[in-house]
Amino acid sequence: MRVVTFGEMLMRLTTDPTVRLQQSNLFTYYYGGAEANVAVSLADFGVDTLYISKVPDNSIGEACEKYLQSNQIDTRHLLKGGDRLGLYFVESGIGNRSSQVTYDRKFSSFSQLKQEEVNWDRILEGADLFHTTGITLALSEELREITLEAMKQAKNRGIKVSFDFNFRAKLWSQQEASKAIEKVLPFIDIAFCNHMDAVHLLNIEVLENETDHEEKLTYYYKQIQAKYPNIQVFASTKREVVSSSSHRLEGYLFADQHISKTHTYTIEPVVDRIGGGDAYAAGVLFGILSKWDPDKTVHFATGASVLKHTLAGDGNAFSIAEVEQFTQNVSQEISR
Amino acid sequence: MRVVTFGEMLMRLTTDPTVRLQQSNLFTYYYGGAEANVAVSLADFGVDTLYISKVPDNSIGEACEKYLQSNQIDTRHLLKGGDRLGLYFVESGIGNRSSQVTYDRKFSSFSQLKQEEVNWDRILEGADLFHTTGITLALSEELREITLEAMKQAKNRGIKVSFDFNFRAKLWSQQEASKAIEKVLPFIDIAFCNHMDAVHLLNIEVLENETDHEEKLTYYYKQIQAKYPNIQVFASTKREVVSSSSHRLEGYLFADQHISKTHTYTIEPVVDRIGGGDAYAAGVLFGILSKWDPDKTVHFATGASVLKHTLAGDGNAFSIAEVEQFTQNVSQEISR
Amino acid sequence: MRVVTFGEMLMRLTTDPTVRLQQSNLFTYYYGGAEANVAVSLADFGVDTLYISKVPDNSIGEACEKYLQSNQIDTRHLLKGGDRLGLYFVESGIGNRSSQVTYDRKFSSFSQLKQEEVNWDRILEGADLFHTTGITLALSEELREITLEAMKQAKNRGIKVSFDFNFRAKLWSQQEASKAIEKVLPFIDIAFCNHMDAVHLLNIEVLENETDHEEKLTYYYKQIQAKYPNIQVFASTKREVVSSSSHRLEGYLFADQHISKTHTYTIEPVVDRIGGGDAYAAGVLFGILSKWDPDKTVHFATGASVLKHTLAGDGNAFSIAEVEQFTQNVSQEISR
Amino acid sequence: MRVVTFGEMLMRLTTDPTVRLQQSNLFTYYYGGAEANVAVSLADFGVDTLYISKVPDNSIGEACEKYLQSNQIDTRHLLKGGDRLGLYFVESGIGNRSSQVTYDRKFSSFSQLKQEEVNWDRILEGADLFHTTGITLALSEELREITLEAMKQAKNRGIKVSFDFNFRAKLWSQQEASKAIEKVLPFIDIAFCNHMDAVHLLNIEVLENETDHEEKLTYYYKQIQAKYPNIQVFASTKREVVSSSSHRLEGYLFADQHISKTHTYTIEPVVDRIGGGDAYAAGVLFGILSKWDPDKTVHFATGASVLKHTLAGDGNAFSIAEVEQFTQNVSQEISR
Amino acid sequence: MRVVTFGEMLMRLTTDPTVRLQQSNLFTYYYGGAEANVAVSLADFGVDTLYISKVPDNSIGEACEKYLQSNQIDTRHLLKGGDRLGLYFVESGIGNRSSQVTYDRKFSSFSQLKQEEVNWDRILEGADLFHTTGITLALSEELREITLEAMKQAKNRGIKVSFDFNFRAKLWSQQEASKAIEKVLPFIDIAFCNHMDAVHLLNIEVLENETDHEEKLTYYYKQIQAKYPNIQVFASTKREVVSSSSHRLEGYLFADQHISKTHTYTIEPVVDRIGGGDAYAAGVLFGILSKWDPDKTVHFATGASVLKHTLAGDGNAFSIAEVEQFTQNVSQEISR
Amino acid sequence: MRVVTFGEMLMRLTTDPTVRLQQSNLFTYYYGGAEANVAVSLADFGVDTLYISKVPDNSIGEACEKYLQSNQIDTRHLLKGGDRLGLYFVESGIGNRSSQVTYDRKFSSFSQLKQEEVNWDRILEGADLFHTTGITLALSEELREITLEAMKQAKNRGIKVSFDFNFRAKLWSQQEASKAIEKVLPFIDIAFCNHMDAVHLLNIEVLENETDHEEKLTYYYKQIQAKYPNIQVFASTKREVVSSSSHRLEGYLFADQHISKTHTYTIEPVVDRIGGGDAYAAGVLFGILSKWDPDKTVHFATGASVLKHTLAGDGNAFSIAEVEQFTQNVSQEISR
């Protein structure tokens, strides 16, 4: 099993949740980025993963590379150069106070990537799946073209293509996103998106009189599939944010005209929600590549995501066995 | 807008909540004191604040001064001298274990303050409001006289007077408190007190057959107002302590014969409840000075208090916009 | 009041709950072991305690000795020698993620203890109670004989004997445990065990159609008592593990054909559950030695156990007065 | 006394000195920048200081503002806007390992500053001295013009102008620096530069057969003064870097055709050398503004710089009395 | 061997050496006091030690008691009551920056001690030596009388009396000290004092034309002995403070008309010098009680003191064997 | 370039240098072992490294594996099973206090390794060099045979064999070591040993009237080479331990009848000396594999070792370029 992911690597600088950024002088820093996070999770499941990005040719870029290597990710095609690594500051929330994100990712090496720097022919060799997200598309016109080129080459080689909408309002408008995403959808096999994406980015007509989340999603996924019959699998989570420290999470997976879902997981305390969605995506992709049935897949993916919320840092760090032990277990009691 | 607050500055020495004081050798220390905390909050709302106190003329007194200055508080009238800064030790509680407070505030510089050291004429110049609390009254006979003098001068200048009962059983008896508080009440416009204060300190007749907290408070506030018609606004919070880590909070404000209240805020986890009452008082005072309607004021004040519980340290650190974003928001989800 | 406890001392090496063991390079370490923990609690209640164990004759053994001494435990009979101290690694769980225990206790000095090293005659002099647990029995055939010898001598001297089943599936099989425990039961006055122990270790017939936990326990305790009429008191807790961070706990005590129980305590957050059972056992033993009535005893013991969960480390650290303040109190609000 | 400083504010992100950046996930962060550091020192000496810069209009810019305010610096003319705050990573060296700096300051708000954003007329009102450094000149062509404009206006108003060469090879070439610096030198009263600057940036003929540092500096300063007779005072330090943890420092001051110097201070351990030069500059400026004799000034400035090396962070934090106590003292023994 | 020490217990609140007190919010706290420190060291050498003091009857007093107990000190005569524990703040120095001490010890429970609270008859029972210092005398007139009484009773019982001058200029004047110390000297067997004490407190004529420290001390000790022939042993250290981080230390011991000294120990880095003198005193007392020859004693005592400087906290923590291994060893190389 | 190293992996548990093990409850832990450390260094120089060891099949063994992988070491032949990982406790010394090592490595999985578990045929495939140390020989008779077998197979394949004497007095006697080492020496090309090893382990006649270290080493290396002409290169360091915090280091390399040496490096402060010898060995091996001249090799190796002393942890973390920058540089000044 071999997966290629493509996207921007970011450094996250985060404060302790009991102080404001202006009161502190300590950051914990993590490397992340949606596509890197997916690669990290998949590597923990034993998948051969190759990650394509561009980082600066300095100590920060080198630290990125070592982070990826320590997670058993193939970095032989990682590009070095450009001005800087994108980063963002997170004033960590807790309880009633929400986390505050301040982006400082403009002018990043990846966002300046040029088409001629990437040799998809060599990168995609031997791959089973290619994954990227809407964040990559948001960063530049050139990146949209590079992504399109990657997807086309993947299609030609019979490699599955996975795409997570990951809409970020701080990066682009719905209108821009809509235009760019509609261009890539015809090449996609697996889509991570939810009903808001359907309405705001794909202009699917709003469902009136809906009864529950399951039915609602089924409607929207079918509508999207009607427009893009190439998309075989849709997935998303439903997250209820009770407070910064308490979330409720459900996983949804649509395949073969049928939606599968999990029961509701209560996550309390939330140690770190960042990367939770990427852990879910990795779980779904792993289930699909393993040809598991949808119910097993959606539980595995949601379990992996729930576990991610108990660890600080963007990347998940659980083996298949550990995720399964969690999804099959009834108690968090110590075994000794 | 210019506010003068008057009271004792304290250093709080607090342990990590997972160990007992006797097991630890690390204190986190904060500067506080009810009146300083109110000043800190008001300064964050953009109010000109002047704080009057007396701290020792040594490195600790200097640190107090710098703390106040870093919070944009006018310290030009801060007195230096005397023996020591009052301090107290807090063995932080968590979950089922409550916090343990050990006071070491006797013989403090402020508690030895002499009338001739304070020039109210110069201090109150240009002020819109004067605020102090029952803690100041509890510290010495002389401080009761100084406070009375301040209130009288404020009255003469048309400056609003605000008083928080803040009864501390470790500092004085109900009987002593009652006597001292009754002397200042005729000069007060805004009173922070609750039904317990009404019964135990002001000897209001107990209400039998009460139905709910709102009606109960209305009865007591009306009774107090009957005796002290000068008091135009009453405010308090209702706090349910589920455990040291989980509180429920409601705000109440009585003005124009009408009580306004908030819904119940669940605070979980409680990072630090100390200063929560002062953040509320500051919010109420800011609403009154801004001539907001009572409903807006009580929500703003309670929201500020709730947010305070998510930060370590006595002083709040939120702007008007941040408090309003919280009171108007429905989710603690990260925005990115 | 003088109590002797006998068992293996262990070092626990534990990670911060927000990282995996493989991601961290920091351990917090604690000394523990079921019987040492009971001694630590009893010493805090003012009991003269003597602890018998064997630790290596090096810096680690010395640190064990100092730990015990700093808890006012008599270490004059603590043996030094052998190869090593047993230790175990705990990857601390939080929320949905459970703690992972990795034992490294094989070949410990205590597990190699020889009968001739222990002089029960001198050790038991003046004692009122002797306490050990099933863990001691699990460690070697020789330790089973040493324990049996200790119990016999205690019986001869009129010293009460207390035994906590503490079955550990990682140490031995139910079959081995059953055989060893049945040999010591005839010498026991106070037994800490639950319905699972009754079924799996003592082969008591399973109760069908049970209605609630209280009735169930009564049935099993009566059945055991029928076989071992020497056992006068049975005790156990019922723990519901909602998540690693949220437990519910009830205490049960059976004496004079009657079961006493507490209401349910919600423990949230759980700071550290290890040692919680030992804190309970110490509370029960203290109540029995103090000739308190069962209701008082079971509430004191459960209260002590609940408080233990709020402290990091195996050993409890509360005085009688502090436990009673907790069991009698209704609020965790700070008193000041 | 009123001083205006002008330059770029930076965030420094620094690792613990016992690990490499790639091995760590913790940064301590400080705010700094040569001109801000000078302002912080001067404020501690009681000088009214006003700092002009531009920071982004987000949580990071706000934190900069609060940092300056907590150091009693006037921020009323601090500009907000643009893309980002310049920052740099420091892998802290120790002993034989040197610190590694990785800049990430490109595209900063300050480096994009436009002439029309700065109203020198209002900023310079009431000032006694204007200070900036070569770093400001290095950042853009526009900043060179803005700086020139500021210096001209200062000259017109009879305000002293101070300039620290602060050549940074990572920011520009010697040739570029030379050209820009020569344009500002005619407006300067006080120059911080050393013999390397004289040779490489001002093309002063190299002194052959020099005997010692004092004579060497005298020669170069006289040569520069011959070209720019407006410069009345020259200052610099001589630093011997024995290792990252052990430096030797001497201060030099040239005025009235005479050079004054200090004895050699051994600094061991060096806690943090960053800001050491700025602490020296502030000391020199304070001595000049106070009309102290050169010997007193150079000892005060060097003492302040030495003390800076014992504190983590860019900004110094000593009063006049504390610096003088150090320069006059013979022992670091505790007084008690 | 049984030793009784008598004096004030203090809490030390100390900052990290890389920040100023006003910049920090973390204190490490230690319990100490000259006489308690001597007791802690002696207990580590296996001596039965009893410590007499008075601490408040609250959580802080209890923590003091547990600290002493964890160091195997007999606290059965420790008094509880009064207003507060004396404490002091230490802004830790490093390198060129000296530590800054701010006392807050006024009104302490011990300083208010009354003669009738101490039953010397029971306390001194079985003792071989009684030790106190000039700090105790400095605290009140009453304490001078209590101390005198203790010494007289000790004399009557044939118990050796030891006294450390420990002059603290922040506590009293030389004149007051002189008067009080001269009253106790006739009862003393072992005196810790140096040539400064001889000149300033005992008015010994200054030695002109002295050649070295050894001769100087010999002269002064002989002069004091001439006045107080009861004093059999004098001891002191000579400390050269190169910087806060680098000291040089020599030990001196005068007995039988002969002075013994050590070579010079370089201490670098100095981790914590507080308690270094007390570790030396304990070493001298232990040598005397063990009837070691002066050379062995002075090396043991100085070695113990040097080791103390490598540990944070007031109390030393080395066994006899560990001190001897240090004094006899030539290398600090790891043995493995 | 491909190198195979073989030896025991250990976990080091180390305290902060300002406290004693018995006073602390925090360990920093590192993975190490002489042969693993050499592999880590070589991997940083870009060498393909394969490490053979046996670790337990649990969370600790897995953490070892991930540590090796994150250092780009091939772990495909790492064995899993057995009872435990060897570990040791280090009470970190500082200044005058030396580090105290307490081993707990008995019964480790590696020490129980059986010949049939290791397939040298597959392991050595493609290797250029095989490296192990005397520690491996010390652990069991079986390991001596396994090592001999490995060396023989290496010889047969034309693979260079490197051996570091690494005598550990806590593991075996000189006599046992002598016997075992003499058996492997005939197969060795590169030997790390010093004059003490020559005298005590190889019974080389002591050199009288030696003049300096260089001549001494030359004599001993020639004597050993006379007995074992197969050894082509000898290397060692000369370390002067001024204190735990200050070392002086020189590198020596003997090849082609000629000894090469470095100047003396002063290391102050010593952050962590453990692994310093292994960093040196890796540097020497890399120089030999790169066919560098002896002078370049010995400076590179010693420079790498010196840099290792500035980092916490056993493994070095410097690239070829970074080591060369250090060996060629004259100053530790920050470049910016």
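Here the chain labels run A, B, C, D, E and F in written order, and each chain numbers its own residues starting at 1.
Going forward, a contact is a pair of C-beta atoms (placed from the backbone, for glycine too) under 8 Å apart; a residue touches a chain by one contact, two chains touch by 3 or more.
For reference, the UniProt names are A, B, C, D, E, F = 2-dehydro-3-deoxygluconokinase.
This is a predicted model, so every value here is computed, not measured.
With steps allowed only between chains in touch, the distance from subunit A over to subunit D comes to 1. By the residue-number overlap criterion, the interface of subunit A with subunit B counts as different, with under half of its numbers used by both chains. Across the assembly, the mean Cα position most removed from that of subunit E is the one of A. Of all the chains, the one whose CA centre sits at the greatest distance from that of subunit B is F. Note on chain placement: the centre of subunit E and the centre of subunit F lie 46 Å apart, centres being C-alpha means. Mean C-alpha position of subunit A lies 64 Å from that of subunit E.
Touching two or more other chains at once are residues 22, 66, 269, 313 of subunit D. Chain-to-chain contact here is organised irregularly, matching neither a line nor a ring nor a star, and falling short of all pairs touching. Pairs of chains meeting the touch criterion are A-B, A-C, A-D, A-F, B-C, B-D, B-E, C-E, C-F, D-E, D-F, E-F.
By the touch criterion given at the top, residues 13, 21-22, 25-30, 58-60, 62-63, 66-67, 83-85, 89, 91, 100, 102, 104, 106-107, 313 of subunit B touch subunit E in their complex.
In the complex of the two chains, the subunit A residues touching subunit F come out as 66, 69-70, 72. For subunit C in complex with subunit A, the touching residues are 17-20, 22-23, 88, 90, 93-99, 101, 103, 168-170, 239, 241, 243-246, 269, 273-274.
Per the touch definition, subunit E reaches subunit F in the complex via residues 265-272, 306-307, 309-313, 317, 326, 329, 331-336.
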